[in-house]
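Chains: A, B, C and D, in written order; residue numbering restarts at 1 for each.
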Amino acid sequence: MESFQEKSEIIKVEQLTDDVIRLTLHSQAIAKATLPGQFVMIKVSGGHDPLLRRPFSLHRTDGKETVQILYKVLGRGTKILSEFCAGQKLDIVGPLGHGFTIKKDKPTCLVGGGMGIAPLLFLADTMLNSLEPQNIIVLLGAQTKAELEPLAGGFEKLGLVVETATDDGSLGHHGFVIDLMDKFETDPSREMYACGPYPMMRAVARKSEILGWNCQVSLETMMACGLAACLGCAYPRKYGSGYVHVCKDGPVFDSEEVLWL
Amino acid sequence: MALVKPDLQVDIGNLHLQNPVMTASGTFGYGEEFASIVDLSRLGAIVVKGISVVPRVGNSPPRVAETACGMLNAIGLENVGVERFVSEKLPYLRNVNVPVVVNILGDTTEEYQDLASQLNDIPEVAAIEVNISCPNVKKGGVAFGTDPEMAQTVTRTVRENCSKPIIVKLSPNVTDITVIAKAVEDAGADAVSLINTILGMAINTGRRRPVLANVVGGLSGPAIKPIALRMVWQAANAVNIPIVGIGGICSAQDAVEFLLAGASAIQVGTANFINPRVTEEVIDGIREYLIGQKMESVQECIGALKV
Amino acid sequence: MALVKPDLQVDIGNLHLQNPVMTASGTFGYGEEFASIVDLSRLGAIVVKGISVVPRVGNSPPRVAETACGMLNAIGLENVGVERFVSEKLPYLRNVNVPVVVNILGDTTEEYQDLASQLNDIPEVAAIEVNISCPNVKKGGVAFGTDPEMAQTVTRTVRENCSKPIIVKLSPNVTDITVIAKAVEDAGADAVSLINTILGMAINTGRRRPVLANVVGGLSGPAIKPIALRMVWQAANAVNIPIVGIGGICSAQDAVEFLLAGASAIQVGTANFINPRVTEEVIDGIREYLIGQKMESVQECIGALKV
Amino acid sequence: MESFQEKSEIIKVEQLTDDVIRLTLHSQAIAKATLPGQFVMIKVSGGHDPLLRRPFSLHRTDGKETVQILYKVLGRGTKILSEFCAGQKLDIVGPLGHGFTIKKDKPTCLVGGGMGIAPLLFLADTMLNSLEPQNIIVLLGAQTKAELEPLAGGFEKLGLVVETATDDGSLGHHGFVIDLMDKFETDPSREMYACGPYPMMRAVARKSEILGWNCQVSLETMMACGLAACLGCAYPRKYGSGYVHVCKDGPVFDSEEVLWL
């Protein structure tokens, strides 16, 4: 797989909520090469503090010139990132990792929570090349309506039906996004795609296992390089001893491959 | 080939390098990982991830933590083992026209011996770098590299079993680096490389737990550069074999500091994670520095510090 | 006075502190320098710049250099000497209601002895911190603090001449910090403080000269925090006397890491230069942390790391 | 002497040339307390890299609300500083150090080179409280007209006569500012005030010594704290052994006090 290191110009900065930002970057090489579920590593500081790049999933791409990432301001690195303006350049490395495997003609369910929704839009968009919209179910959860609404909009624009859940009940189901899966229990087998907080993905993985459905999950770990060089991003395998490496073997894994802690 | 000026070639014992810029073990995978970003054939040498006799799965995660201008790692020496390294990883490197230095590690002297003799027979291996920061399981887990006698024993063992150039990689977690450097010089090392990571720790205050599952880890990155540079300078004044400088090198200027302090070559480690292109930038920058200083060869720069 | 919750008081041997936040020697002058920015009476203690028997003029400039997340200093122990310290500097501190810890240094055991007995008679001196990172001129310039026997001799000498609490400040430039910590514990130290600066170096590539006139200097600041924290944790597991944690502390979170690792108190050093108000922020932040963790006293936090 | 640590809002950023910037900061405490020749220490990075504050002389103050600094982008710290915009805040400590001593009723000559001109405007402004304009000579030098002109303007607005020298001859005398001193050789004793590159100050000090005039110079050294705490800013004394400390004993010294290297 080919990766690139580019100085990408920031085309657009969209502040979706107080702490959620969508960045559009000019990056031909990455736009052309990337697949859904892959990620980029971004250098946020000009100096050496913070030292490490920060990983972000690709949220969308036009396949030609631009890529988008969608992120939440959490700590020091994302805070610095949030201070960049359109016109400035970011040092980015990507596309990295092993993304989602699209199962042609198979009914599908996308489950996203919070910023885990980011890569699912790219996935849904790509899926529509080989799947009918009615075969794609999208279940999205977040803390509040303010956070969820702008994210859900992208899927609706693709002509997909979106079901939502919020922690505070301000949009859709009041509770966990996983609850929305209940009504599909009698459905024929679906391919599940989950990205979100760890407990959510574990719940989706368990439910899929019970139903006998296949489930792909996108994991996060601390990453130093993103290039399969440092071996820092280890996550325990389900079978045998040893670890998978999230930046290379993942971030997307078959939920059966990994140990749920 | 016409000699390009300024001349960047250096020799580390019998190991001839087109330029003094190598990659540090454990920070550049087995080379292939960087092939789409770096022109590997431009490198002085590639030092691969440390190899042991049998494969190791490494430590539980979290394995890395970010610190001020540095990072801690406790990878736990995860590696594919010498057999798979030779059958799966070396073939790719054979096709890249660049010297491959194999970093080896063991828990006992016998393991080092085994590795040295196995690798001695492999033509693609240009040199061996002996990581002596590993715990000696027979001596209660004290690192080989912190005891001059143990360091000497390991070096002698490798020397007796291997006719390739041997670089012994020193641990910085010692009172006096010159004692260890001299010990391994006496035991037949062709060169020393330093420094390996410095033992450090980080704590998650909210959880009241160490950040790393292994509790402690090795500190690397720009934060440690002043310490590494001092040790390289001390070692250069103490031994007669070539020195490979390592520790926090992120730019050509950093690399030149090590050369001036007495290193004949340098390794770039953590910086590969931050700026994957860094090695090529360092090579270009060293050339520019030499031109700016009106030096015809990098040799003029090595040890040229005026004190 | 009603007990304020959470309770921040700690004891370092017989030295009672209203909170665990002290200033590190050499980074807070003689206290007065910060009086217009910091409410000195809020500090746990002020540790003053290291004092010698006779005044010292210090090293030639340049004496400081900036490094990645750190700085090098080679001040050369410039100080006014014990007499002028007592006559010119102590009177100001007498009026600030805060314990004064006097950091002492010498080139010979006799100098430490002299300082200890002179200061023993001064009521304003709450405790003595013995800097053993200094070169022992009689033993060829090897630092007292890198040899367990020399460290023990100095400690014993000070102990015999001084009935005030004695904190021995350890050098990090050693293979095994626990050996030195145990040695000074056995010799009668009431506490150990660590770490002093780590020996480092920087080079001006354009001039091909060391940045510091003294060639090498001591590295301090956030860069060294992971190393300091590891050593504090190791020392805490090795000795029974209280530990004062030092090294790169810039925030309450940093301070809490040291407390969790086993330090009973901490010192803020280089951070005073970057954020003169830092000590008060650390005190406030420790209190907030304890409240957040539902701890009634800082004692609950000391050594509470779960490994 | 009282110093303060403040979060000062940037009121105005003026780009005087490609690499010379004038910053106006809101800082009541410092504006009220400062004297000519004193300086501030500014934290340029939000993180720990670069670690140390950077020292800058006070260029002007309204004595009530605002202070100005004038600086040149040289290295990493000043580069970061140059990216701040009006409205943002800077963590600043000051006023620091021992400034110029104004000698009432004594004819005066101010000699400034490059950024060394910065503190002289504040000095000139203050001098005018006790000296007639015709008793103040201002000699300014810089590399080019582009750099010098905006700096000289401030003195002219105060009603002072300014003589200039540039390295490239694009404004005033083609050569060193020190050459402008030649014509005053037969004047009665003047108090000299010099700030600029080290060789310039050394030349002014030597000339003053020859003429038997008193000369005050503003020295620069590497500074870690600016607060007389680190003892890093040592500079050799002329008499006796030992060092002065530029941040406390200076930055302004009597040229006879210090050793010229």
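Keep in mind that, in the parts below, a residue touches a chain if its C-beta (ideal position, glycine included) is under 8 Å from a C-beta of that chain, and two chains touch if they have at least 3 such contacts.
All figures in this text were calculated on a predicted structure; none of them were measured in a lab.
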Touching both chain B and chain C (chains): A, D
Set of chains whose contacts include both chain D and chain C: A, B
Computed distance of Cα centres, chain C from chain A, in Å: 48
Averaged-CA centre spacing for the pair chain D and chain A, given as whole angstrom: 54
Inter-chain centre distance, chain A versus chain B - centres from mean C-alpha coordinates, in Å: 36
Touching two or more other chains - residues of chain C: 67-70, 221-222
In chain A, residues with contacts to at least two other chains: 48-50
Graph class of chain-chain contacts, one of line, ring, star, complete, other: complete
Chain D to chain C touching residues, read off their complex: 1-5, 43, 48-53, 91, 93, 221-236, 241-243
Complex interface listing, chain D residues touching chain A: 45-50, 76, 80
Touching residues on chain B, where the partner in the complex is chain C: 67-70, 72, 146, 173-176, 198-203, 205, 207-210, 215-216, 219, 221-227, 229-230, 233, 248, 253, 256-257, 260-261, 289, 293, 304-307
Sites on chain B touched by chain A in the complex: 26-29, 33-34, 36-37, 49, 57-71, 73, 75, 78, 221-222, 250, 270, 272-277
Chain D partner contacts - residues on chain B that touch it in the complex: 68-69, 222
